[in-house]
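Scroll down for the structure; my scribbles are underneath it.
Every chain is named by a letter (A, B, C, D, E, F and G) in the order it is written, and numbering of its residues begins at 1.
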Amino acid sequence: MKEMTTGILTVSELNKQIGDLLEIRFDLLWVEGEVSNLRRPSSGHLYFTLKDEKSQIRAVIFKSPSGSKAFRNNRLPLFELEEGMRILCRGRLAVYAPRGEYQLILDSAEPRGTGALQRAYEQLKLRLQAEGLFDPLRKKPIPYLPRKIGVITSPTGAVIRDIISIAKRRFSSVSVVVSPVRVQGASAAGEIVQAFQDMHAFGGIDVLILARGGGSLEDLAPFNDERVARIIAASTIPVISAVGHETDYTIADFAADLRAPTPSAAAELAVPDRAELKLRLSGLQTRLAKAGRRKLLQDQERLYLHQERLKNPQRLIAGFRLSLDDRGERLLSLVKERISREKQNLPLLSLHLRQAGPLGMVRSSRPEIDILENRLNAAIRRFFQQSRKAWALQATLLESLSPLAVLSRGYGIVRTLPHGRIVRNADVLSPGDSFEVQVFRGRFRAVVERIFPE
Amino acid sequence: MAKEKFEEAMAKLEALVRKMEAGEMTLEESLKAFEEGVRLSRLCANRLDEAERRVELLVRESQQLTVQPFPEHGGKDES
Amino acid sequence: MAKEKFEEAMAKLEALVRKMEAGEMTLEESLKAFEEGVRLSRLCANRLDEAERRVELLVRESQQLTVQPFPEHGGKDES
Amino acid sequence: MAKEKFEEAMAKLEALVRKMEAGEMTLEESLKAFEEGVRLSRLCANRLDEAERRVELLVRESQQLTVQPFPEHGGKDES
Amino acid sequence: MAKEKFEEAMAKLEALVRKMEAGEMTLEESLKAFEEGVRLSRLCANRLDEAERRVELLVRESQQLTVQPFPEHGGKDES
Amino acid sequence: MAKEKFEEAMAKLEALVRKMEAGEMTLEESLKAFEEGVRLSRLCANRLDEAERRVELLVRESQQLTVQPFPEHGGKDES
Amino acid sequence: MAKEKFEEAMAKLEALVRKMEAGEMTLEESLKAFEEGVRLSRLCANRLDEAERRVELLVRESQQLTVQPFPEHGGKDES
């Protein structure tokens, strides 16, 4: 205002002031129109005219400086603009001072109308598919038993009620965190993206459900939004999409890790049935205990069998004892036999010895000696007999011849003394001589008295 | 324990039980498997028996995230 | 003893039993085999007893923790 | 004595018996053979006694430790 | 005497008896032969007695040491 | 006397007797022969007596030592 | 006298008797011859008596020494 009152403006000053005014006034605006005169110079920026039945305005969409199509960069259309396409654009009004022209500098554009929307949907789907965003390999497994389920949906209405009640019914202890978003309208996609970010920031969410009831293609636009698709794909938390009804597939559905036909189905997919799990677990527990015990039992049986088969050597020992005894007895009987055989032989030999011994000779010799003795005696006695006989004969003969026989008839023989000479002549004697006279029986001595010579 | 996910624990438990039932383990392996099975089973059971349950609304207040009870639905849930 | 595994002991016992059944052992061998057999058998039995005690303990524990409490928790959930 | 194995002693004993049965021994040889036989027989018997005592000890020990618990388990399993 | 073996003594005795039975000995020879025969016979008898005593001693000894325990075991085995 | 053998004495005695019986001896010769005959006869008889006594002594000795125990053993063996 | 042998005396006596029978002796001769005859005859008789006595003595002696023990043995043998 101060400047306006200071006087005359240069064109440049004017254009600058218009520019300032317009840019402040139309800093952020939404405009809907039809694309025409679409040009894409080598710079890569898009130039076109946005028009309706009565009017038209020039528009430009600058290529993002990084060249990427990250959804945080607002400048990028998520679909290819085509001639005649109806779009809803967001941007601001800018004045190009050198020419004194104004135009829209757009940072986003959304298709409008069924045709455009369908077209954009297909374009986006093809592009993201080509990028590999829907690659099954990228899909994260849905946790079997989440502790906390994040639900991104409208906080009012049947969808969230259904999800909560199904989750509670199936698994009473599961927690639910609801991130409230609008599920349709221009800001819905942005809210959804924010909700994803919040959920990740909040932490502790095991699975996310992005849910919405069914609707027209236009109603579902946020779920076909590239930013939503990308935030789903980039989510580190597994995402179950549950948008619309069974036949409707949104880009979000393709990007999600799992697509549920309905929100209720999503809840069922996210939350397992606790009773079923308990049953399964207790089944496993039972089988575990059974298998453990069976193994023990089997091993016990095995061991018992082995123990049964473990041969006690006592039988072997008993056998050995028998054969040992047998041998011992055989040995004993053999040695006894041996000794007794010799014992039988020895007395026989002893008997033979005694019989052959000197006693026989002694007995037979004794009579021989007796006989010889007898013969000896006989011989000597015979000798004596013979000798006596011979002697007796001579003695008898001598007796018969004895000169003394006459003496029996009374004769006597006179003998001198002491010479004993037979006296035949008396003169051999002298008186006084003694003489001896032998008569038949005896002798006598006498003295000569007188001699009578003849 | 907290790190081991329920489904992993269940899967392990199931595999373990199946392996034990196949009966080609040694006693020691069997025992270890059994012990592990009991541990897994307990873990799973604990998990199933966890009592905490909340339904909350995540709200963003001046760049800070907080949770509030989800009141509307609480009343609805009881019905 | 702790180092000798049940399966190994069982295998040894079985081999021993088979050898004894073949019956071509001397008395001393037979005695030694029997002694070893008894030792192995005892070892195995001890191992089984231990294992059984362990299994029963674990089963009991896990039953106290998981199977018995179920109705309680069920009750809690309902209240 | 400890070095002479039972089987060897038994074999010697049998050889001795056979030799005596062949009957070509002198009385002195017979006696010596018998003496040796008695020695071997006593040795064998001692060995058998030792063996039996050992076996009985082992059996008694193993019955106290392992065989008695089995019927219990059997009973348990059936109940 | 210890050096003269039983069989030799028996053989000598037998030869002696045969020679005596042939009857061509003088009384002195016969007496000497008889004396020797008696000596041999006595020697043999002593040897046999010794042998018998030895055998009985050995048997008694071995019975005290080994045979007495047998009936016990026998009884055990049959029961 | 000890040197004169029994058989020689007998032979002398017989010769003597025969000579005496031939009867061509003088009284002195006869007497001497008789005397010698009696001596020889006595000698022979003594020799026989001695031999008999010796034999009986030996037999008695050997019976005391060896023959008496035999029946005992015989009886034992038969029982 | 000891020197005069019985046979010589007998021969002298016989010669004397024959001479006396021839009868050609004086009385004195005859007496002397007779006297000598008587002496010789007596000598012979004495010699015979002595010899007989000697024999009897010897016989008796030998009976005392050898024959007397015989009856005992004889009795023994017959009994």
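A few comments on the model shown:
Heads up, the rule we're going with is that a contact is a pair of C-beta atoms (placed from the backbone, for glycine too) under 8 Å apart; a residue touches a chain by one contact, two chains touch by 3 or more.
Computed from a prediction, not measured in an experiment: that's the story for all the values here.
Looking at chain B and chain D, the chains that touch each of them are A, C. Under half of the residue numbers found at the chain C and chain D interface occur in both copies, marking it as a different-residue contact. Of all chains, B has its CA centroid at the greatest distance from the CA centroid of chain G. Chains joined by the most contact pairs: A-B. Distance between chain centres (mean CA atoms), chain A to chain D: 36 Å.
With centres taken as mean Cα positions, chain G sits 67 Å from chain E. Work out the mean CA point of chain A and of chain G, and you get 136 Å between them.
Look at where the CA atoms of chain B average out and do the same for chain C: the two points lie 33 Å apart. Within chain E, the positions touching two or more other chains are listed as 6, 27, 30-31, 34, 38, 41, 45, 48, 51-52, 55, 59, 62, 73.
Residues of chain A found to touch two or more other chains are 172-173, 278, 281, 285, 292, 296, 299-300, 307, 312-314, 317, 320-321, 328, 332, 335-336, 339, 342-343, 350, 357-358, 361-362, 365-366, 373, 380, 387.
Those chain pairs judged to touch are A-B, A-C, A-D, A-E, A-F, A-G, B-C, C-D, D-E, E-F, F-G. Considering their complex, residues 336, 340, 343, 347, 350, 354, 357-359, 361-362, 365-366, 368-369, 372-373, 375-376, 378-380, 382-383, 386-387 of chain A touch chain F. Taken together, the chain A residues at the contact with chain E in this complex read 314, 318, 321, 325, 328, 332, 335-336, 339, 342-343, 345-346, 349-350, 352-353, 355-358, 361-362, 365.
Interface of chain A with chain D (complex): residues 297, 300, 304, 307, 312-314, 317, 320-321, 323-324, 327-328, 330-332, 334-335, 338-339, 342. Taken together, the chain A residues at the contact with chain G in this complex read 363, 366, 373, 377, 380-381, 384, 387-388, 390-391, 394-395, 397-398, 401-404, 413, 422. Taken in their complex, chain D has these residues touching chain A: 6, 10, 13-14, 16-17, 20-21, 25, 27, 30-31, 33-34, 37-38, 41, 44-45, 48, 51-52, 55-56, 59, 66-67, 70, 73, 77.
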